[in-house]
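Naming follows writing order (A, B and C), and every chain is counted from residue 1.
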């Protein structure tokens, strides 16, 4: 076997440069990247729901979902919370700094398959970034989809990501956007309560609707329960699963759930698929 | 590519493994199928025994402290400075290591006594064992296990006291599993849960602090059930009648009252332990680091003597060696007044023999052991030991080392002790030198060089040799094998031992002369008197302080070990508790937690009459209710609530007694 | 494309000498005592064919315990360079169970659409000369796994040797095998029909001579494991015998969990991978501290699921366990070799 263009080294990262960094919350930033070599960047594309293995050389790799859409390919964006050594190091980086990128990896959110359907996005906290990739994709092809509703919640107003963009979504006439926080803060005049409290206000209905949910595992569990009791079919509830990952290409066995590999068979799973998984 | 057979550097089980070498680097390990202890197996540590050797943090160059910073220097500069600054005689102390080889330790001992003219000699893990070792020596004449490890697999009854064998000394645990699979009965005695406890046929869980009372009750039950060896009764045995009558001064009801263990359970354990021929008793830190360690160890020597579980196969008393060369460090005379193989400086003949062979006079006055040594000396020479990290009272040890005029340290990594050095010398690891180590069951085995040491690091024995030369000695050892020739010549127990001999088969037991070294033949036994009933160290609990807090010396033995932490995989695994509980933790039964409305991870305040500590809560369903446990390696965080380390029964023994505490959310 | 040849019994080392001219030959070598392991030989005299099975499979020559993957360094921007092992190797004297294990690894790691680069490269440069088994060795149960004691054509070897007494039968199964023969063609002659008949006889005899234990009744235990039909308490009681050494997975010729880490080595950065284990808690522990397999019983269950479930057979195209029996010997807890655990699962009891 030789390492060739069609059989590349699946463990070899490409080099990407940070072109911009935006603060989202006290512990979360959005990083904007371009692959360093221009031909590589031109060839690089992804589908919403996929992820990359990002190298901070010396510290290792970690998986992060795309937060931007392939319809806007001048760069790609990832929104990252600082939780450990690697993400803390990343947070110390700025424009011009280099990282390694392997990807796109994993499967993706159904997109083309749901044309014509009503789309319901439910995001919690740091779960909004991967959804944003699909949201932008659908907004860029707005007429292909039915009603689009975005429901988003975070612990506090400070914890909301993409604050300015949320305001823009609120202004748009062609989508319904609602936001809530678990706990209010001074100056907040919006909804207070967990995300499911938005369901009646948003007039959520299962007919012809596909729901995409991303957020903390506890939140996903409760939201799925609510949707099921509302009559959503398992196939029409789409979410993501997380496990500790290493190689990202289905070899090292860190991310297995039963015989499914979150990095290959996921990270996107329908609720129907999730039910069949044995730990 | 090569497979180099060597002895594992971690615990005292003494497994052998093959280090795989490719291109001058260690690339992995392979178990040895035929080794009598390893039997084709390795524990998690053994499977990663190659990793720390090539860790990037290995010390590679001599370092000399200038302006408060350790800076690279040449060997020449380092050795010159040592020759210039290291004090002699009473002013200097020498600390060896249970990790280094016999040859390393022997030359260090010789450096201390012959060249530095001091008897202030010790090794850093001995203080924890000072009480039980003294009891063994007093009873048996030897401070060592009476039988070999492989014999455990064929025992009929195994009694484990104050030990969590499987995580601490894993392959000995494997031999116990083997015995139990064959039908052996297992008795586990500990106030705290252990990995073997679910497999125990009899499980005695005394209240913390009452263990000595329980053991006394066990012996009493053996006597009352007539399980003493009858052949011993025919002899006119000194003190036997006195011993038995002292036991009659208390009853099993009193045992039950004080320990919480019923008379029926004690009788059952005694019947099994005393009744079978092939019956072994093992113990570890739950005895050795107990406030009543001397009493408990004496009770155990009495127990095996009484039932005459001595001299035959698969029986006897088996103290666990928690470090690969703990036994060897003892054997090489790393203790004040102790020469090799248990010979004493006070024995005129032995003294003469050494003085003649060494061509120097040995110190006349007895030296000081650790930790007392640290207060009395101006200079210290430390080989392969983390004196601060291993001390019962690390804060005090730290202060004392900082106060020294001159500190020399030989090490692999920048440990806390290394950081305090005035001269820090880079040492070779076990895989980078030849030598021997002695496992906990007295098996002497080879370690073999597989790869070169990094940078300018040198084998410990070589460094000592060079230091001795600078200090005026004219030693001419050209290899560790040559050092062993001398050791064997001067040490009856090691007579005939040589590297060549150890290369045949799988090492050799001491005493080697008579060949059947697996079992110590102990003559002239007498029963040692014990105070009956022994006192308890169980604290008084009351409504204000309803919990008993124990400093658990049997838990997490490897978590803070420098060599473990420099193995990538082991660092990940052993680091989980620290990652889950960054503020340190105390274990509590979930029922107790629920009652107090506390949950996993909550910060709690423990308050005793002496002081307080703040730790996170870790739920442990195996703990008895109202018992809390903090692992020994977190003792600094819990120092105040225990009131620090206190003197034990034997001079120099520092112990942490259980305390009564209240628990509140912090 | 099989061809059957004869090799004179006392000339196999000459063949090794010839093979050494073009490749690194790795053969069973006697170490200390009765330990026999695969090692690269410098001279044919070091190799032995007088062994039952090596205590270590040749897994580490295709999937090393520590394997460097790439170097990185700052030179203005980052330079990243992969490290490829292009060495040609011949694994000589490999038993049929281990050949089957290689076939499994080819499927699991060399999957069509996403081959493991480093494994595939080593594998492409490695030839397998198998040695069929006349008798069961120690703890093996290859008859249960259908991976021995002899292999048919297509079983994964390049050449399979059978000891026929005064000479070896050499069944050449691949083009690469032909090339190995060509390296010393003078040593080989055609095999006779009697040779082949004798080989079939030895195969049948060997199969019949396997003892009743250890055995793994795959169908029954796999079914329960696949349907998650094993009481959690049973797993718990079995796990009391586990010391979490990971030995079962390290010694297993079809286990391949690995971890990847970066380290600075002499100024350069080095990314390498090393054996990991589903028996280690840290494999699945997440940054948040949550661990989906928090207790040893969960990890034991995981190991059995990966080795024995239908789901994995369907995924990989072959069963993971090849019946070599090494996990039985390697277990410090004595009882957690796959056969005893399998029996515990099948009978739903564990004393």
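Here, a residue touches a chain if its C-beta (ideal position, glycine included) is under 8 Å from a C-beta of that chain, and two chains touch if they have at least 3 such contacts.
Fair warning: this is a prediction, and the values are worked out from it, not measured in the lab.
Student: For subunit A and subunit B, what is the smallest step count along a path of chains that touch one another?
Tutor: 2
Student: Would you mind checking which chain's C-alpha centre is most distant from the centre of subunit B?
Tutor: For subunit B, the chain whose C-alpha mean is farthest off is A.
Student: Please report how many Å separate the Cα centroid of subunit A from that of subunit B, as a whole number.
Tutor: Spacing between the chain centres: roughly 52 Å.
Student: So the centre of each chain is just the mean of its C-alpha atoms; given that, what is the distance between subunit B and subunit C in Å?
Tutor: Chain centres of subunit B and subunit C, defined by C-alpha means, are spaced 39 Å apart.
Student: Where in subunit C do residues touch two or more other chains at once?
Tutor: 259, 261, 264, 276, 285
Student: Can you tell me which residues of subunit A touch two or more of the remaining chains?
Tutor: none
Student: Hunt down the residues of subunit B that sit against at least two other chains at once, touch-wise.
Tutor: Touching at least two other chains: none.
Student: Which residues of subunit C touch subunit A once you look at their complex with the stated criterion?
Tutor: On the subunit C side, the touching residues are 69-70, 72, 77-78, 80, 82, 84, 109, 111, 114-118, 120-121, 123-124, 228, 256-262, 264, 269, 271, 273, 276, 278, 283-288, 292-293, 298, 302, 305-306, 309, 311-312, 314-315.
Student: Touching subunit C in the complex: which residues of subunit B?
Tutor: 1-3, 5, 16, 18, 20, 27-35, 39-44, 46-47, 50, 56, 166-167, 170-171, 173-174, 177-178, 181, 195, 198-199, 505-506, 568-569, 572-573, 576, 579-580
Student: Residue numbers of subunit A touching subunit C in their complex, please.
Tutor: Where subunit A meets subunit C, its residues are 1, 3, 7-13, 15, 17, 36, 55, 57-61, 83-84, 98, 100, 242-244, 246-247, 249-254, 256-259, 264, 278-279.
Student: Considering the complex alone, what residue numbers of subunit C touch subunit B?
Tutor: For subunit C paired with subunit B, touching residues are 29, 31-37, 39-40, 55-56, 60, 64-66, 237, 240-241, 243-247, 250-251, 259, 261, 263-265, 274-276, 280-282, 285, 289, 329-335.
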